[in-house]
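Labels run A, B, C and D following the written order; every chain starts at residue 1.
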Amino acid sequence: MIQDKSQVFNTARVEALELDNLVEVALATMHAAEARTESRGAHCREDFSERDDVNWLTHSLYYREGHRLAYKPVRLKPQTVASFEPKPRVY
Amino acid sequence: MKFSIYRFNPDVDKKPYMQDYDVVLEDGDQMLLDALLRIKDLDDSLSLRKSCREGVCGSDSMNINGKNGLACVTKLSDLDEPVVLRPMPGLPVIRDLVVDMTQFFEHYNSVKPYLINHDAPPETERLQSPEDRAKLDGLYECILCGACTTSCPSFWWNPETFVGPAGLMQAYRFMADSRDQAMDERLENLEAPDRLYRCHNIMNCVDVCPKKLNPSLAIAKIKDLKFEQAREHKCNAKKHIEIKVL
Amino acid sequence: MVIELLTKRYPGMRAWLMQRLTALIMAFYSVMLLGRILVLQPATYEEFLGFFQPAWFRIASWLFWICLSIHAWLGIRDVFKDYVPNMYVRSLLLKILVLLLWVYMAWASWLFLM
Amino acid sequence: MQNNELQNSQKAKVKNRPKNLNLFTIRLPINALVSILHRATGCALFLVLPIILLLLQLSLSTSEHFETVVSILHSPLIKLFMLGLAWAFFHHFFAGVRHLAMDVHWMTSLMKARCTSKIVMVLGVLATLVLAVKLW
């Protein structure tokens, strides 16, 4: 509950609005991550430990209504530099 | 821990006043900013700027027990109680600990804090030798928190005209840059009697800088460049005459 | 090179440099004066007159006073700029300051050169 | 209309912003102390210029006047005043020398500047004390 009702530099209100956005982003991340059944980069899943470029070389798009997800292909033809083939990053 | 904090909300208050807080700290509260956030849990009407909480963004500069500094890098154990917190001196207070930095950034902008180079851009970056790069050490690190400028008496009394330590040090930062070509223009820009020469080496700026920089010395070096410029002009004038004679 | 910086082209540098140059001259004069007083220790009227008599000392003192006037003008002007925000009052005070300094200068010239 | 009023009230608020400039709440470091004393002593010295000129003129005019000046300078209160003045001179002198040194980048780091500030303070007082011993 915000006590501060001021119009001037009301950081309490700004932070409340920010929290709203943070929740939104957290939801989007959760749903998209849950749907992505593979592992790449920082996204690691114990149940799907392999990288899967055939099905998942794709952007995830999240829609708030009904937590719907859509997908968009990754553009692999950069304008100015040579393309870098997707492959597992192993060290 | 006891605090006494400057409060002013233009919506409610006619005049600023000091409000006392007694806050219970928890383990891990080491910096002043931690304590301020505890206070904000108790009283969300306390306004202050903050962002990175590690002395890089320069948002939470304030007057702490009479000395300007960043709340996030000021250790609680170093402070005498009650800790008196006030907004930075000499700038208009928007609310509580938040000051209006417009004037500060206008001065900063007035010294053209960017590289001026009229050569055609090369294929790659404009290169610099390690020695030339080293000349920028102690200058480029400024985070524009405003602690120096708002602790400077010359700025307090001449906020409209005096550029202030932060702006002047940035002016020198670009004069010292081997890639910059606007030395004459930059020196000319600071020649008006009150823009640069209001500095009286009081050194409050050096005293408070959270990055341990030395604007005072940078200002003295700008004056050196002035001498050099005058000498070069004379040499050039001589060359002119010699060419005419030839 | 220094001379050029004392022209109107560099108003800020000129004031700053003048303040330092006059300070330097006055510092040397002060040390000389103190030393002379300590060596000669004038106690009677005659001794004091003798102390003051040499032409070089009078001219040095006169030059000192010129430096003092410039130095005081620059210094007090800065003080007014800092603490007198009202432009009208400030310019009035500056005029009084100039007048005073000229009067002192005339007085000192009469004392030192006559 | 309402919007206008709101804007006007906002503008008024911006105009009436207070400044935190209560000098008693702001710490005065040693460097700043030496600096403000440099200014204060400078002003004091400027104010006594006519007195110095007057005394000089009197003591040069006749031997009677010279005696009067000497006796004036020997009264205890005046002596104290003269000592204060001497301190003002010495402080202004030493602080000025420090200024000149810093102009040529001598002793410009914070630690060194603090050190020279302390030296200036001590030298000013010391020189005055030496003079006091001489006078009494």
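In this section, a residue touches a chain if its C-beta (ideal position, glycine included) is under 8 Å from a C-beta of that chain, and two chains touch if they have at least 3 such contacts.
Bear in mind the structure is a predicted one, so any value in this text is a computation, not a measurement.
The interface with the largest number of contacting C-beta pairs joins chains B-D.
Using CA-based centroids throughout, the chain positioned farthest away from chain D is A.
Here the CA centre of chain B is 28 Å from the CA centre of chain D.
With centres taken as mean Cα positions, chain C sits 74 Å from chain A.
Per-chain Cα centroids separate chain A from chain D by 64 Å.
The geometric centre of chain B is 36 Å away from that of chain C, both derived from CA atoms. With touch defined as above, residues shared between interfaces to two or more other chains in chain B number as follows: 10, 94, 153, 200, 223. Multi-chain contact residues of chain D, defined as those touching 2 or more other chains: 13, 39, 99, 103. Here, these are the chain pairs in contact: A-B, B-C, B-D, C-D. Remark: chain D residues 39, 42-43, 46, 49-50, 53, 56-57, 59-60, 62-63, 66-67, 89, 93, 96-97, 99-100, 103 touch chain C in the complex. On chain C, the positions that touch chain D within their shared complex are 20, 23-24, 27, 30, 44-46, 48-49, 52, 68, 72, 75-76, 79, 104, 107-108, 111.
Interface residues of chain A facing chain B in the complex, by the touch rule stated above, are 2-4, 6-12. Residue ranges on chain C touching chain B, taken from their complex, read 1-2, 4-5, 10-13, 15-16, 78, 81-83, 85.
Taken in their complex, chain B has these residues touching chain D: 6, 8, 10, 15-16, 63, 65-67, 84, 86-94, 99-100, 151, 153, 156, 200-204, 206-207, 214, 216-217, 220-221, 223.
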